[in-house]
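Two complexes are shown next, each including subunit A; its partner changes from subunit B in the first to subunit C in the second.
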Partner chain A sequence: MKYFSLIWASLFRRKTRTILTLLSIIVAFMLFGLLQAVNQAFNGGADSADADRLITNSRYSIIDMLPVAYQRQIESVPGVKAVAFASWFGGSYQDKPAQFAVFPVVPDEYLKIAPELQVSPQTLAAWKADRTGAVVGEALAKRMHWKVGDKVPLQADIWPQKDGSLTWTFDIVGTFHNTKDKANGDSALLFRYDYFDEARQYGQGTIGWFLVKIDDRRHAGSVGKAIDALFANSDHETKTQTEQVFAQGFAKQFGDIALIVSAILGAVFFAILVLTGNTMSQALRERIPELGILKTLGFSNRAVWWLVLLESLLLAILGAVLGLLLAVFAIGAMKSMLTGFGITEVGWRVVAEGLFFACLLGLLVGFAPALQAMRLKIVDALKA
Partner chain B sequence: MFAWLNQIVQVSWMNLKNIPQRAGASLVIVVGIAGVVGVLTAILSMGAGFRATLGNAGFEDRAIVMRNGATSELSSGLSREQADVISGAPGIRRDANGKPIMAAELLVIADLPKASTGTLANAAVRGVQPGSFLLRPEVKITQGRMFNFGTREVIVGKQAAMQFSGLKLGSRIAFRDSDWSVVGIFEAGGSANESELWADAEVVQSTYRRNGFQSVSVALENKSALKTFKDALTADPRLQVKVSTMKQYFAAQSEVMSKLINVLGYSVGLIMAVGAIFGALNTMYAAISTRGREIATLRAIGFGAMPVLVSVLLEAELLALIGGAIGALLAYLLFNGYTAATLGSNFSQIAFDFRVTAALMGQGMVLALAIGLIGGFFPAWRATRLPVATALRAE
Partner chain C sequence: MDALVSLVSIRNLVKTYQRGPEKIEVLHGIDLDIPRGDFVCLMGPSGSGKTTLLNLIGGLDSPTSGQIDFDGKRIDQMSSSKLTQWRANHIGFIFQSYNLLPMLSALKNVELPLLLTKLTAAQRRHNAEIALQLVGLKDRIKHKPSELSGGQQQRVAIARAIVSDPQLLVCDEPTGDLDRKSADEILSLLTQLNQEHGKSIIMVTHDPKAAEYAKRIVRLDKGTLVAASA
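Up next, the complex of A and B:
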């Protein structure tokens, strides 16, 4: 560590070049950070989904509704601890399709099965007292500047009211905090099923999907089969799978786009690294004669090897750290624009991967010049 | 003036002839810029292809009627009676027998295995009427035959046949425990309909236990008949519907995806452009510094500062141009016509071809030249600022 200032000084021996190289590395890693965040967004739900929660929806397609009466029947299946349900409301807010999930639910049941949604007792009491009440995710409330007591009008696209009116007005009674799903859950609006069922024009007594809490995740397969067997050959057959499998299947439907984007960007990331590496190692090679002087002063071969390698590593890691930081800030700044797409942050795994690639870059680039420097004969070096 | 031009030509020519000696460094500019242009063009071509696929059915003389508030066919619903009322509205074109050209259609979803992943994905199944074909004359059966109305037969869009496994001519598929057979493959002028499965609306209704429809599509007498048609429907107390031309409808459908792709493409492109500028600056500074003495010598024997500046800029621009051309060409060769599929706003798979258009490539080239200009200017500026005496003395 005592040589740090020496390494630092030699790094900035040619300021312009080093700074420009550093900036290129920063850009490459910023891109890497952003890209990984996008990737995560496409697969977002899959990470936060719960393995001991099952989703039961219509066997044929996600758009078909199920009778709400199934709830009691599913509860009777051995291994099932609790059952709640929700439906897709959709809708538009301020003339644009709502960039957040809107679900009608039964407050107590739904919160019991989704303990990651934390609601204060006061909020819950207020919600149960107000038939048109709704709770919203913290992130959503912040983004929309909604406060408790606000009336939020949504325009229905699927569900007009009985009188043909499209406007559903909800009273915001409070917010909830989602401890798990940072990508999407914070951006949901939950309102009461009894209000929904009574006011909607058609479809009374039907819901979109059931959430089933089971006693042990190892029983997921057998419990799922038992549920589906209950309704086999009925008018509404069901398909039950773990939340995780459901989310993965959904993410795969966007599949191609995510795959193509990440393939293109991955290729570019490595192209930038190769080019920058080329510049870096050229700069190191130019300086090899100077290293002869260090050796004259009594630096050992090993020390010179370390000096060169560390210099290259330092540059790569410095660039990577700054680049990843920039990616974090960029995503923070664009948050409001991106939440609709589920992109919210650069995760720790991404940072770790980035640092790994930075070390790899530093080692690969520094290795050859370091070897050359180590084997350097003082006489040759000084002659050059 | 002529002497000045002559100087520029002389110095530039000398520079350009020297590029091969600095091949490694010059390559940084070329490859860097090729990367920027290639990626930007490739990503945006995805958006262009998606818009084009939805736009291909975007006729202004066809209208689609959905329930008021619905944002896509899937979220819409119309009853049989409403469909009848709509068919009586003025402004609809009539066929030779004087019947209005219109079709009440269903759009439902079937889970089918996707060929690329093997996992289930949403396929759009459209229940159609004879009018559906009159309305869309671009629909042509390319293999097999038309389905028979009243039977469990289905024709499959060209793209759907490729995206999903088990949709070949003669295949049998199960919807709702009933057995259907694929009797034909159709094309629809490259529109989103090619990602759909078509069958008789009545049979689809009974299979899916539905009574109504999702939408009513009509052919208008002409573009200006929209107003007549729309006004008649909006004034009718029996209906609460939204009327849009196919063009408006599909433009709205592609909006979200277009926005996502554009945000992604331009922000990634911008970041990469900045990176490429740093790379270009680095290379050009290095080029200047190794040629410091040479430039000083030129200045000493009477060459002006301007010709030197122009020559450095020209070199940067030439490298940028080569890089940009390589990038655009690569994007074209690799991605033009490449077929991908994603989840559209009807919650079903829409396949589309990437379109690397001339406009996109042109835009890429402009960006390349801009990067070259910025990357070349500052080093060029420095080259002219260097005091001749100092530069000559330098090692």
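Up next, the complex of A and C:
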């Protein structure tokens, strides 16, 4: 700690150059924070998915419906504990496509399989008592300013009602809290399947996909195969996979976000590595006599090595902290716009990864100059 | 003079540099004693080996052969890390071009050698202030080197050299970059440190007027001691 003022002063020996380098690092880490938050949002479903939960949907297309009668058959497969189902409703709200998931479900069955959705007993009772009732995620209710008792009209784009109306009106009976996937899971509206099935114009007795709870995650492969074997060569063949694989496949419909993010960040960090490396090398060349003086005064080779390396680390970490803070503030400021995409925050994991990369950057950039400084001979350094 | 009573005792000191395929012997078997409390001036033409000898006495470089005793301990046999520690404890360096760190204030420059000690921040500051007071710069402690005159910068360098209370001050042309008046002030300060504070001083200079401040003059020519005068 007593060397901090010396390291700090050395770092800002050439203020303009250091500030410009620092700004580049700040921008790089801000980009890192923002892109990783996007990446996390796209993979949020996969991260929060249960390994002992399977998804069974149509083998050929996610939009092909399956008979609801499959539920009982799937329940009979050894290793299956419970089965629920949901369907994609889509829809628009206030003339804009709904930026949240809308699923018709059977409340008890669905909540049993998805215990991460926490609904109070009062809300559940109210939902079961109201055929047109719906529960919404806490974040969604907050964003839309919905409260219990509100009637929410959604315009269907897939499912018209029997009378030809496209308007489905739901009564908000309460909210749920998703303990696992705050980014995406809290942005959903769940309504009752019986209302949906009776009122829709077509497709009665069909559903979008089954959620299958199994007794042991190690049996996921064999149970999945057994389920698909039940419906092989039928009109509605199925494809069963773990919820995580399903979520990853769903996210990849938008492109391989992780790969895109990695490619962008790789290019940015390479540029920063070269830029910062150049700054540190230049700074070292200019300071050779000063490093010679430190050694003359009694600073050991190892101490000089540390001073140069810590200077490089300080530059990288300072830039990273400021950059990540800016990313946090930027996402905070744009929260209302971004929540629909599941981007709610720069998580601790992203911050920790950012700091790890900053340390790596500092070490990579500082190692060679530090080594050079350590090997300087006093007599030569003083002459430089 | 006996090595036991001398602060520095040099015997048959040889220093050879390798310049490409060629070996150049800069010092040819030097014998020299510097008693405690001495103020010795090392003179000679350029290339005579003055700075090389000074660097060897100050432990900045190692001899090719020969022996250097400091206060009864052989420094020519010390490892690099021991020599570094020894330098920090026993030697104060003053250079022609001051060699202050430009980004640090006068106070922080003077505090530098104390960072290697176990003193607290308050103690380091206190000691540095005393050293700056001794060289007459108490009112300039917050100034950076670029805000000080050449003479003042050299005073800061002297304060840095004495702050850890070394036994020997090694001065390489300390007045080489100064005007006559500033040079006289610096030399008077060195004389004061020698006479009142008992610091032994070895100083390289080309300036005969500067040499007059020393107690004795040692002349080097082509790597050999040619004369000593009181």
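Everything that follows uses one rule, which is that the second predicted complex is superposed on the first by the 353 of 384 C-alpha atoms of A that agree within 3 Å, B and C clash if a C-alpha of one lies under 4 Å from a C-alpha of the other, contacts with A are read in each partner's own complex, and residues count from 1 in each chain.
Quick note on the criterion: a contact is a pair of C-beta atoms (placed from the backbone, for glycine too) under 8 Å apart; a residue touches a chain by one contact, two chains touch by 3 or more.
Not measured: the values here are computed from a predicted model.
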Scan A:L20 for contacts with subunit B and subunit C and give back first, second, both or neither.
first
Have a look at where A:N57 lands relative to subunit B and subunit C in the superposition and call it first, second, both or neither.
neither
Once chain A of both complexes is superposed, is A:N278 in touch with subunit B (first), subunit C (second), both, or neither?
first
Hey, is it subunit B or subunit C that touches more of subunit A?
B
Could you tell me if A:G249 is touching subunit B, subunit C, both of them or neither one (first, second, both, neither)?
first
Could you look at A:P97 and tell me whether it touches subunit B, subunit C, both or neither (first, second, both, neither)?
first
Between subunit B (first) and subunit C (second), which does A:T240 come into contact with in this model arrangement: first, second, both, or neither?
neither
Taking the superposition on A as described, I'd like to know which of subunit B and subunit C A:A156 touches: first, second, both or neither.
first
Pick out the shared contact residues on subunit A: the ones touching subunit B in one complex and subunit C in the other.
none
In the complex, subunit A touches subunit B at residues 16-17, 20-21, 23-24, 27-28, 30-31, 34-35, 38, 60-64, 90, 92, 97, 155-158, 160, 164, 166, 202, 235, 249, 252-257, 260-261, 264-265, 268, 271-272, 275-276, 278-279, 282, 337-338, 341
Enumerate the contact residues on subunit B facing subunit A in the complex.
24-25, 27-28, 31-32, 35, 39, 42-43, 46, 67-72, 74-77, 108-111, 114, 116-117, 119-122, 175-176, 208-209, 240, 256, 260-261, 263-264, 267-268, 271-272, 274-275, 278-279, 281-283, 285-286, 340-343, 347, 349
In the complex, subunit C residues that touch subunit A
55, 58, 60-61, 80-81, 84-85, 87-89, 93, 95, 99, 101-104, 108, 112-113, 115-116, 121, 124, 160
Residues of subunit A touching subunit C in the complex:
2-3, 5-6, 9-10, 12-13, 289-290, 293-301, 378-379, 382
